Every structure is written in structure tokens, then in C-alpha cells.
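Chains: A, B and C, in written order; residue numbering restarts at 1 for each.
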Amino acid sequence: MSWMARILAIDRRLIFVLVGLGTAIPLLRPVNLPITVTPRVEAAYQTIESLPAGSTVLISMDYEPDTMAELQPMSIAVLRHCFRRNLKVIVITLYPAGPGLVEPALRLAASAEGKERNKDYAFLGYKSGFQTVMIALGESIRQQFPVDFYKTPLDSIPILRGIDSYAKIDLVINLTASSAADYWIQFAASRYHKPLILGTTAVMATDYYPYLSSRQILGLVGGMKGAAEYEKRMDIFGDARRGMDAQSLVHVIIAALVILGNAALMMTRKAA
Amino acid sequence: MRSGPLVLTFLVGTTLIALFFIPHHNAQTINAKLLEWATVVYAFALILGSISLWNTHARKIRLKSDGWPYSIVTLVALVVVTALGVGQGVGEGTLVSRIYNMVNSPLASTMFALLAFFIASAAFRAFRARNVEATLLLVTAVLMMIGRVSIGEFIWKGFPGFTEWLLDVPNLAAKRAIAIGVGLGAVSIALKIILGIERGYLGRSR
Amino acid sequence: MGAELDTRWFDPARTNLLVGLLLFLAFLAINILRAKRGGSIYIRPLAGLKALDEAIGRATEMGKSILYMPGLGDMSEVGTLAAITIMSRVARKVADLGCSMQVPCYDPVVMAIMDGVAREAYVEAGRGDEFKPGSVHYVSAQQFAYVAAVTGVMLRERPAANIFMGSFYAESLFLAETGNLTGAIQIAGCDKVTQLPFFVCACDYTLMGEELFAASAYIGREPVQLATIAAQDWAKAFAAAMIVLAIALSALGHPELGRLLKTS
């Protein structure tokens, strides 16, 4: 078998080994490649940055452990930004496995920025129903969440005094890997006219470019790259920036394999 | 015999369409209630699903089909986690919550991580310059892969801007076109079902 | 109470959507009348749907089964409704040829409906006794648990054909690539634009976006069903014409049409 045919028939396990090495090596020996902040992420950053101190932000963290590699660093960066701007942060999740991810993110961000639960932020916990919850938040938050995640009645939480619906919320942020984003656009942005920022996985991000273009959303943070850009903008070195080296190398490996495969194909055709 | 479900589909479908245009708070309360009912129906359907799951795996164990020991694991997990959930609840600190966080979550993350390997092997196999369209696909894919990560900027300062243009102009144009087509297709199929033209979901092809 | 209570019986901001809906209904009515009066309606060939018959025939010859996956959507997703209608026709063909089919389901409501649809298809084919209870079964409502189970079926049972129809998410490449490993013929139809590239790369035939919704009409070839596809095309042509007109008028300093078309 010629070398061209060998390349074309390469065992996929070899490809898996190359990808594995491409992921592991940069994580063990970081290179810290440069990151440029793109306009979409900058728009998200500026939307939060422009809010006056004391404004209320509702963050819905709607993702589960399978997508936490992309969304957790984004959540932490966004939370830290809100805390740095001294905004009042209300966090909910519409996924049952969400609390297991929300709590560590809140704890990390709050301790990094010196913020206190109930005084600077509140975590209301998980509620099922997606659209039902989003519509109901327009009527009464307390109806949906009579107590927070730690079973504290909402009326006893200082930052929630006087806040019971979208009317008192200045910005909605949705960090999700699912179609929850579509529903937040439909209800929070379109029906209740609330400013909305989205954070999504890289694969989904391009679906929401039309909404950004039509100003139905004010910013879009897409995937680990978007999270890394946000961390860069915040001047913090988190998991996203750490992961970009690995992502870069794996992309190069895949591109090289594709080019090699095509070179072998062309040589095979010429030989024939 | 089938006119009952057809009439029900028509009534509920037209009601939901009408509620979309009626912002009156009473109408929106009805809308929210209907969505809640859907959640309740789903909860009951989970019982049906569990029975189906039990029967599938019990049959595999009985017939000693391929992989039948894993069916025992599945059924034991189903019974144990359900019993724990009913007994202790599913809140923070309960055994169900711990099992979810320590077993289910890492497993789900691992499966998702495997996608990176699959993308590499699929890209190597599929991105071949067999014709003009395939060549265009492969060139765009390679440019996007390099341009969207830090190394692209390292190679050429203009790379990120170029990939942003690719996403903002040709990609967005195509996405919008497909979205309009999908949207109209979705409206068409929804109207077909509401008006009773499409009855496949009832088990009738006519 | 938070927001002030809305007491309007019609939202004037949605007038353009109501007009659009009524126009679509008009297109539908006109084309159905055309179809009933014997007018012929042309639909361009869809390679993926033509391949369905080939796939089922191949599976029958090889004595292997068909694996039909209806996606991860629930009954509120239009992609799932399309998957169910396609499955009723696939099940009918499978019953006619005496082949076997497995349908692992993600959503229990979808499972219950698909089970009924499959049974009816077998009864219509005169082979009600041959329907295997349990061929349509629930797997899991967790994305990657579903993937693990289905890929396990693919690798153990090696079905001759894998048919992916409906709403798929991140698991699309997983399923398609594993199926590719087993050498099965693979036909996919997905309404989620983000997953289409993965199916295009790993499957033999892919129905893109609205082709999935046209599939049930295409397979059945009933005049009324084909008429709905024609109505869809008229609506698309109208939308395209309005967009071009709005852009042209805006460029000439008359943005009124563009404002009228805007939704809120």
C-alpha cells in the first residue's frame, strides 16, 4: 500500500491519540496565546458596564454538566463583572442539574469580588416549566419562587425588597446550551421588552447572530472562545483562557489532518 | 372514531394561536395554564416511559441478549434511585442529589468531551475536495478552524476579522434564509395538523 | 403585583403577523382547491427520501433491522411532529416488506404516540400480528444517556440502516459517526441548522431544514399534502419579494415597509 493510500485509510484511533495529545499537552505546558475581544463579546461587556450601580440583573443559568466546560467560565466571568459593577444579582436556573453548577460559580465569583449572599446576590434555585416560569416572572417572582434555594422566604432577602417582576429588573442574562435562549428572546425581550444578553455554546452562537443584528439581544458570548474574551476583558485568568491553548492546538491538528488527507487524495488521483 | 382527537387538536391549536394575539391578562393566564398542563401530561408519560424501559431490559435479561448484564445494572439503578428519591427527596444533600452530581454529571461531561474526537475523525473523512461544493466547504472549514482560535491571530493579524466577516455576511445570510424556510415549514406543518390535513400522529397515513 | 395588568384584546404590534398568517391560510386554501380540481403540483426530487425505500429494501435483504431515531424534541417541537409522520410511512413500508424496526425514544410522550403510530401502520399493512411490542421503547430523557444507549444498540445489533429524523442537538455527530463506523446506510433530516453540517459530513443523505417538513407530503404524494408544500413555496416567494422591496424602498428613503414588516 502506498503512503498516500495509508494516509487515506488511517486508523481513526491514531486521530483520537493525536487529539488527546493536542488537548493534554497545552494544559500541562500553557503557552498563553493572545486573545482579541470580538465586537459581540464587547457589546455584552458594555451592556453590563453601562448599568448604574444598584441596578438589578436577572441571570438564568440554564445548562447542565455536559456543557459546563464552555458555559461555567462564562458564568463566572459575567458574575464577577456584575459584582464589580455593584449590581444586584438574582440567579435562577431552569435545569434540574443547574444548582450543582450555579452554586460553585456564585461562591467563586462572590468570594473573588467580596460579595455576600442575600446582601449582594440571591440564588432562587431551580424551577421547572421553561416558558411558564418566564411568563410568570412577568407577574410575580414570589409566586414562582416563594423561597430561595436555601429555603429563605424572599421577603426576608434584603436585595429582593421591592423586586417582584420584570418591571424592576434592568437586564436579563441567559447562559444556556439549549433552546431556552429562544424562549428568553420570545418572552423577556419581545414581550416584556427587557434588555437581554445571551451566552451560548460555540455551536449555537451563530444561530443568534440575526437577533444581535436586529438588536433583539444586546450582546452574545459564544463558547469557550467567547468566555476567554470576556475573561480577557475582565483581566482575569480563568478556565476559558487556560483552555484556549488546547483548543487552538486541536484545531491546528484537525486542519493539518484535513490538508494531509486532501493532499493524499490529489496524489492518488494523479497517480491513477 | 378519530374525530375526537382531531376536534381536540383543532380547538386547542386555534386557541393557542388566538392567545398569541391577545395580550389580555386573563388570556395569558389561560396560556400559562395550558403550558402547565403540558408539564403535568409529561409527568404522567414518564410513568409510561419507565414501564417501557423496565419491559425492554427485563426482556433482554430473560432472553440473555447481547449486553444483558448491563440491563441488570440499568434496572437496579432505576429501582434504587427511584426509591431513594421517593423516600428522601431530591433536594440538596440527599443521596439522589449526590448520585446525580458524582455519577450522572461526570458521565455526561465525559460523553460530551468525546465529541472532540468524533469531530476530528469525521472532518478527516468528510472534508475531501471531491467537487466544487465540497472544496468550498473544506476551505471554509479550515479557515474558520484556524481563524477562530488564538493561533489564527498569531499567524496573521487579520485572521479573526476575516472569520468574523465570514460569520457576519455569508453565514448570516444563509442562516437567515434557512431560518425563514424552516419557520414557514413549521407553520405549514402546524397548520396541517391543526386543520386535520396531516393525521400521521394519530397513526393514520390518510 | 409587578407589571400593570394588560386589558387589551388584541395586540396591534402583531397585526403584521396576523396578516401574514391569514395570507398563508389563503395560499393554503388556493392550492388545496387547485389540487382537488386535478391540478398537478411538482416537487423537486429529494434524494434522502428516495433513499428511504432503498434503505428499507437493503435491510430486508440483509435480514437486519432499521434503527429509526425521532430526535430529542418533545411534542411541542415541529421537527418531532414531522418525525412521527415520516415514521408512520416508514413503518408501513417496513411492515409491507416484513423487515424489523427499532425506535428508541427520548421523550415518553413521543414514545407513547410513536408506539400507537407504528402499531396502526402494521395493522394497515394487514400485519398487525407481526408488530413487535417493545420495538418502540423509551430510553432516557437525558441527552447523553440516550446517546450511550443508542450507540450501544448500533454497535451490538449493527442495523442495516439508521434513520435520524427530527430535532437533534449536540449528540448528532456522536450518533452519525458511530453509525458510520458500523457501515449502515444513514439518512438524516434535522430542522436544527447548527447540526446540519455534522449530519452532512457523516450521513449518506441529509434532508435540510424545511425538507424534513416536506418529507411526509413527498412520501405520501397525496394531492392535498403536496398542495401545502406549494403554499409554503408561495409564502417563501412572497416573503422574499417583501424583503427585497423593503430594502429597495429603504435605500430610496422610504423605510415604512421595513417598519411594517418588523415584529416585536
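Following the convention adopted for this analysis, a contact is a pair of C-beta atoms (placed from the backbone, for glycine too) under 8 Å apart; a residue touches a chain by one contact, two chains touch by 3 or more.
The model shown is predicted, which means the values in this text are computed figures rather than measured ones.
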(message) Need the most distant chain from subunit A, centre defined as the mean of C-alpha atoms.
(response) C
(message) Using CA atoms only, can you tell me which chain is the most central one in this structure?
(response) B
(request) Measure off the straight-line distance from the CA centroid of subunit A to the CA centroid of subunit C, and report it in whole Å. (result) 29
(message) What's the distance between the Cα centroids of subunit A and subunit B, rounded to whole Å?
(response) 19
(request) Compute the distance, rounded to whole Å, between the mean C-alpha positions of subunit B and subunit C. (result) 13
(message) If I count partner chains per residue in subunit A, which residues reach a count of at least 2?
(response) 66-67, 206-207
(message) Give me the residue numbers in subunit C that touch at least two other chains, ranges are fine.
(response) 143-144, 170, 193
(request) Identify all positions of subunit B at which a residue touches two or more other chains, and write them in rising order. (result) 28, 104, 108, 111-112, 119, 121, 123, 125, 127, 175, 179
(request) Going by the contact rule at the top, pick out the subunit C residues touching subunit B in the complex. (result) 5-11, 14, 17-18, 21, 24-25, 28, 32, 74, 76, 78, 81-82, 84-89, 92, 105, 107-109, 111-113, 116-117, 119-121, 124, 133-134, 137-145, 147-148, 152, 156-157, 170, 173-174, 176-177, 180, 191, 193, 198, 200-202, 208-210, 212-214, 216, 220, 222, 224-225, 228-229, 231-232, 235-236, 239
(request) Quick one: which bits of subunit B touch subunit C in the complex? Just the residue numbers, please. (result) 17, 20-25, 27-28, 38, 41-42, 45-50, 52-53, 55-56, 59, 66-67, 70, 104, 107-108, 111-112, 114-115, 118-119, 121-123, 125-127, 175, 178-182, 184-193, 197-198, 200-206
(request) State the interface residues of subunit B toward subunit A in the complex, per the touch definition above. (result) 28, 31-32, 35-36, 39, 92, 97, 100-101, 104-106, 108-109, 111-113, 116-117, 119-121, 123-125, 127-129, 138, 141-142, 145-146, 148-151, 153-154, 160, 164, 167-168, 171-172, 175-176, 179
(message) Residue numbers of subunit A touching subunit C in their complex, please.
(response) 66-67, 138-141, 164-168, 177-178, 190, 192, 201, 203-204, 206-207
(request) Could you pull out which subunit A residues touch subunit B in their complex? (result) 10, 12, 15-16, 18-20, 23, 33-36, 38-39, 64-69, 97, 99-100, 128-129, 131-132, 135-136, 149, 206-207, 209-210, 213, 225, 244-245, 247-255, 257-259, 261-262, 265-266
